[in-house]
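By written order: A, B, C and D. Residues from 1 in each chain.
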Amino acid sequence: MIRAGIIGSTGYAGQELVRILLGHKDVEIKWYGSRSYIDQAYASVFQNMFQLVPDICKGEDLEQLCEEVDVVFTATPQGLCSSLVSENVLSKVKIIDLSADFRIKDVDTYEKWYGIKHQSPQFIEEAVYGLCEVNRDKIKNARLIANPGCYPTCSFLSIYPLAKAGLIDMKSVIVDAKSGTSGAGRGAKVANLYCEVNESIKAYGVATHRHTPEIEEQLSYASGQEAVINFTPHLVPMNRGILVTAYANLVKDVTEEELRKIYEDAYKDEQFVRFLNAGVCPETRWVEGSNYVDVNVKLDERTHRVIMMGAMDNLVKGAAGQAVQNMNLLFGLPETEGLLMPPVFP
Amino acid sequence: MIRAGIIGSTGYAGQELVRILLGHKDVEIKWYGSRSYIDQAYASVFQNMFQLVPDICKGEDLEQLCEEVDVVFTATPQGLCSSLVSENVLSKVKIIDLSADFRIKDVDTYEKWYGIKHQSPQFIEEAVYGLCEVNRDKIKNARLIANPGCYPTCSFLSIYPLAKAGLIDMKSVIVDAKSGTSGAGRGAKVANLYCEVNESIKAYGVATHRHTPEIEEQLSYASGQEAVINFTPHLVPMNRGILVTAYANLVKDVTEEELRKIYEDAYKDEQFVRFLNAGVCPETRWVEGSNYVDVNVKLDERTHRVIMMGAMDNLVKGAAGQAVQNMNLLFGLPETEGLLMPPVFP
Amino acid sequence: MIRAGIIGSTGYAGQELVRILLGHKDVEIKWYGSRSYIDQAYASVFQNMFQLVPDICKGEDLEQLCEEVDVVFTATPQGLCSSLVSENVLSKVKIIDLSADFRIKDVDTYEKWYGIKHQSPQFIEEAVYGLCEVNRDKIKNARLIANPGCYPTCSFLSIYPLAKAGLIDMKSVIVDAKSGTSGAGRGAKVANLYCEVNESIKAYGVATHRHTPEIEEQLSYASGQEAVINFTPHLVPMNRGILVTAYANLVKDVTEEELRKIYEDAYKDEQFVRFLNAGVCPETRWVEGSNYVDVNVKLDERTHRVIMMGAMDNLVKGAAGQAVQNMNLLFGLPETEGLLMPPVFP
Amino acid sequence: MIRAGIIGSTGYAGQELVRILLGHKDVEIKWYGSRSYIDQAYASVFQNMFQLVPDICKGEDLEQLCEEVDVVFTATPQGLCSSLVSENVLSKVKIIDLSADFRIKDVDTYEKWYGIKHQSPQFIEEAVYGLCEVNRDKIKNARLIANPGCYPTCSFLSIYPLAKAGLIDMKSVIVDAKSGTSGAGRGAKVANLYCEVNESIKAYGVATHRHTPEIEEQLSYASGQEAVINFTPHLVPMNRGILVTAYANLVKDVTEEELRKIYEDAYKDEQFVRFLNAGVCPETRWVEGSNYVDVNVKLDERTHRVIMMGAMDNLVKGAAGQAVQNMNLLFGLPETEGLLMPPVFP
């Protein structure tokens, strides 16, 4: 039985981790960490867990925690994991960090986009970017996993096959992304009140969103070229789900059949990436509550561009589900263990 | 392995059955019945099942179906199951009928409220009302289960302990219920369009809703008195969930502690009924996607009334989940098998 | 031109007052009061007012304000208006208080239900309860108007005709009310975040909600009997709208036609109360953005009860619209001036 | 008093026309046309109009209608207006067509994208594209107005200043648009049911949507170059609102200040186009129920692209409001008459 601790278990991603791990036959949650609800019953914060989770919330003491568990998930804001991690900690437990602290290899880039000083640059090098579909082997032997961001996961997996195939101009990529409101977190802000979000859609962080360099870095690795992209996130009045609509210029003539063949080959062995039938657009409703990413591609001959689309649940494949997928790899379990729940509709 | 067939698998309740049974380790779905989508891929109707369900939709031929499976779920409109069932069918398979056809013991009452002639009155007597919490033993040996209605399940379980305890006037009960829109089905009607339902709430079927006699009958059994109630359903702009707020006059003086003791005793061994802590109101968000019913009770000393509240997912405990609970009992499996998924939030 | 000041103009009700008064040909808003946004542009708080309201938010100095305007609206939490009002103020301006401070004549009742000490009990007597449909004449000559609460307005107008006619048992009344989320205000609370409210419904304030004594008091006046009611509000995932479903025991035999005649007579001269056709249930979508209240009544012969229903926009007839209706009466304008905008659908 | 007739008054755009015209002091609606609801009370179809519209729905007989009114609005599907219009009709009334029939000057382009044969190509030449902000003078003298599409209005007004200024590559423009569900019309389709749209977002009509050539044609006029664009619409779970996020490559170096100056100059005299302050993104909630379009622009120096954004209410500026704006011009009224209602929030 893998003993797990969660720092940040009372955020939306942390709570989703709890939900998924409760259904994972090889894991026992030993530590429900929280900053705001210490000493309160977890189930009083999330009543869905009434009678399912009898535990009381504890704090964020990673040094103590690493004595009691085998794996720690940090589902916390940027900067916390990097301020807590140490050689001692890493020698005792696996760390799966759901924040951005170890996703970006270049510390200057991190500090510029996030506007904070990195607290543990010495661990950036060894941290493995936990996108299982591309880094499966490295993940197995890592001590520290940088769990990918929600937007980057969906953006990257939508674009990856064509980036790798060298078919698109990596400086022409435009990612127009749309997210449900759980992505904004559980903090009490006027902007996230029901009446402010409902019946509205808006772009935010235009040309400045922090997920931009993460997507660029991964696309650069995949394509072998420097990717410079436009990334525009939007807030959508729904709880869960991310939809990516990405555009790129083709660098050579290609048919839609050829495009489809490239996607099929790229994802034929992937259990969580579903390449949809021709003409079917991804919709977030079809992946809700699951670890699946639905992707598709469309050629526009008039403009010599491709439209690449992806849909996933931001809290599952975009956060907690992917974290468990990484944990499975770290502990030698089947990658899909505890993650095969079908999407919930409607 | 239990072989299951679903007639009406392309409605919302039918699709929820598919979702739940896909996660049930002892069941294999052999027949995806549908009236509207025969010969089409099930996953083209519900894209969430893409790559999970490779099957093609078949028709509603119960005589053929009963040769191929062990249990048939009929998730169809009123009147269909009773028109298909026969002694031959019942001799070969267990039938779990999610429609109202066999819920009401008095055929005149059924025909009056439903406005249709009952096609198989000869089977009403033996049919068992599949509310596991009260009819567990009878269910185990039944051939034909009348799976309870969504509103009746939530209404009854909210009121049951006080009805049974003889503490409330069974002619004073008022049930004000609120349901998500999946309860209205998947038929293409203007009234159920997004823009018609969104940003609105309304009562419907006031003093005439068909679930009224079903609730009355079960409350009469529980209390040993004739229950005559007001039942008012409302349509709420959300996908899933039923909330019941019920009122009744107390017939004797009682404290809130005594009331709570009665509920605790009634539900202490029930795995799917969660009696909440004092002061906590049930909310549908805390049960979504799960088979749980959350209930609570409040004494109003000023008016000498009790307010009894319940929340559940209409598609799970109110339909597909309860049907699987019944199936588990019918086949000697643990009652909770395949049904312990925690509620999905948010 | 009537010069108006709004204290609390940056709440939802305050902003709705701004919207309505911008379309009122006889009013000019001279003061946008706010506690949280002093010195900020009003249109930076509510971007819908960009280029329509060039003003900067000011504070809550009622003594200064009463020198500059003819009417002051206080759209603030309980306790503020009663702490600011004075004989000097009342001698100079009309006050329309959207809070509960002057709605309840018995100060003990107020202090018990609201849990605060009343700051100006000396003005309670003269304050007029601003429900135009029943107090039209008194309002015209008042200095201080207690603008009715949202739930009380809708509850009272749904029940009023039968209460006045003496047809219902005033101790049997049960009001089950449902409100959109703008009724919860614009404060930054976790409970009101999008993801917490969306896809859920709950009761709150069960048997303890502060609007209970307000409804009871007005129903007692109307019926000439002491009304003791159950009032249960619910939070609904929509921005605007209140729906009331009320139940009462009949004290004599009556036909539905007789019931309808009573409502027709009660409301035949009212411009903002629409008594719907037989069989049509009120729905909040049909009154959104307007000052209308839609009501209807249904006899349930089986239970000898009536079901009385009402729907209105909580921010208009339940707050800002009714306040303007009161203002029109106070200043001798046509009661409907600036209030005849048709409901916005969808 | 202008006498108006509406063909298609029982669709969402038609009903919005009714709402707006009821508040227009110079117009009287004489004819409520409908295909589905002939001889039924208009207010029984749209209960918001109860007691406000006493009229009965009539048919679509344009020849009869043109004898009785001064202006006809056709808020109908493609192909109807062009099949009804004639020289006789145009000699008697002004026609404002809310469908696409007369928006595209090249009949082959129309027939290719719409897949139907044009019924009145002889009137295409004289029809004026009713985008008041660019065709104000031509509109005043027209007999037949092609009211712009919802997506084209918002897309064009977001991009127009830079297209006209020659600053962007007209073959690089990508329009990623998001619309509320009222844009899908009031037809009873499974895809538009509440539970299918709620909690989801999807792209549709990718690379094939019919509004593409309309946007291209208008951008070509504005820029003097051939525009070839990508246009991708998305369905958003909200009733109203369109948000456009458009991207284009700059053809010369420019500062954000210069970009802002160009927008300011372009729209400084426009009453319904609000160029927002720097850093403020358009959001659909801020324009709901109003005729305003909010636009803004952002320079991305990293990618040498501009992001152009616009938000408006698809039923008002995108349909009925713009139609009334055109009517005002046609009849010599102030362009803003009946259209200055502030946006409704929340």
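Odds and ends about this structure:
The rule is simple: a residue touches a chain if its C-beta (ideal position, glycine included) is under 8 Å from a C-beta of that chain, and two chains touch if they have at least 3 such contacts.
Chain by chain, the UniProt names read as follows: A, B, C, D = N-acetyl-gamma-glutamyl-phosphate reductase.
Keep in mind that what you see is a predicted model, and the values were worked out from it rather than measured.
Relative to the C-alpha centre of chain B, the farthest chain centre belongs to D.
For the interfaces A-C and C-D, the C-beta contact count is higher for C-D.
The distance from the centre of chain C to the centre of chain D, with each centre set as the mean of the Cα atoms, comes to 36 Å.
The distance from the centre of chain A to the centre of chain C, with each centre set as the mean of the Cα atoms, comes to 46 Å. Residue positions 12, 182, 195-196, 198-199, 237-240, 283, 285-286, 288, 346 of chain D each touch two or more of the other chains.
If you check the complex, the residues on chain A that touch chain B are 12, 15, 18-19, 22-23, 46-52, 182, 199, 239-240, 274, 276, 280, 283, 285-290, 294, 340-346. Contact residues of chain D toward chain A in the complex are 171, 174, 176, 178, 180, 195-196, 198-204, 206-207, 228-230, 232, 234, 236-241, 243, 245, 247, 281-286, 288, 298-300, 302-303, 305, 307, 309, 311, 346.
Residue ranges on chain D touching chain B, taken from their complex, read 12, 181-182, 186, 188-190, 192-199, 237-239.
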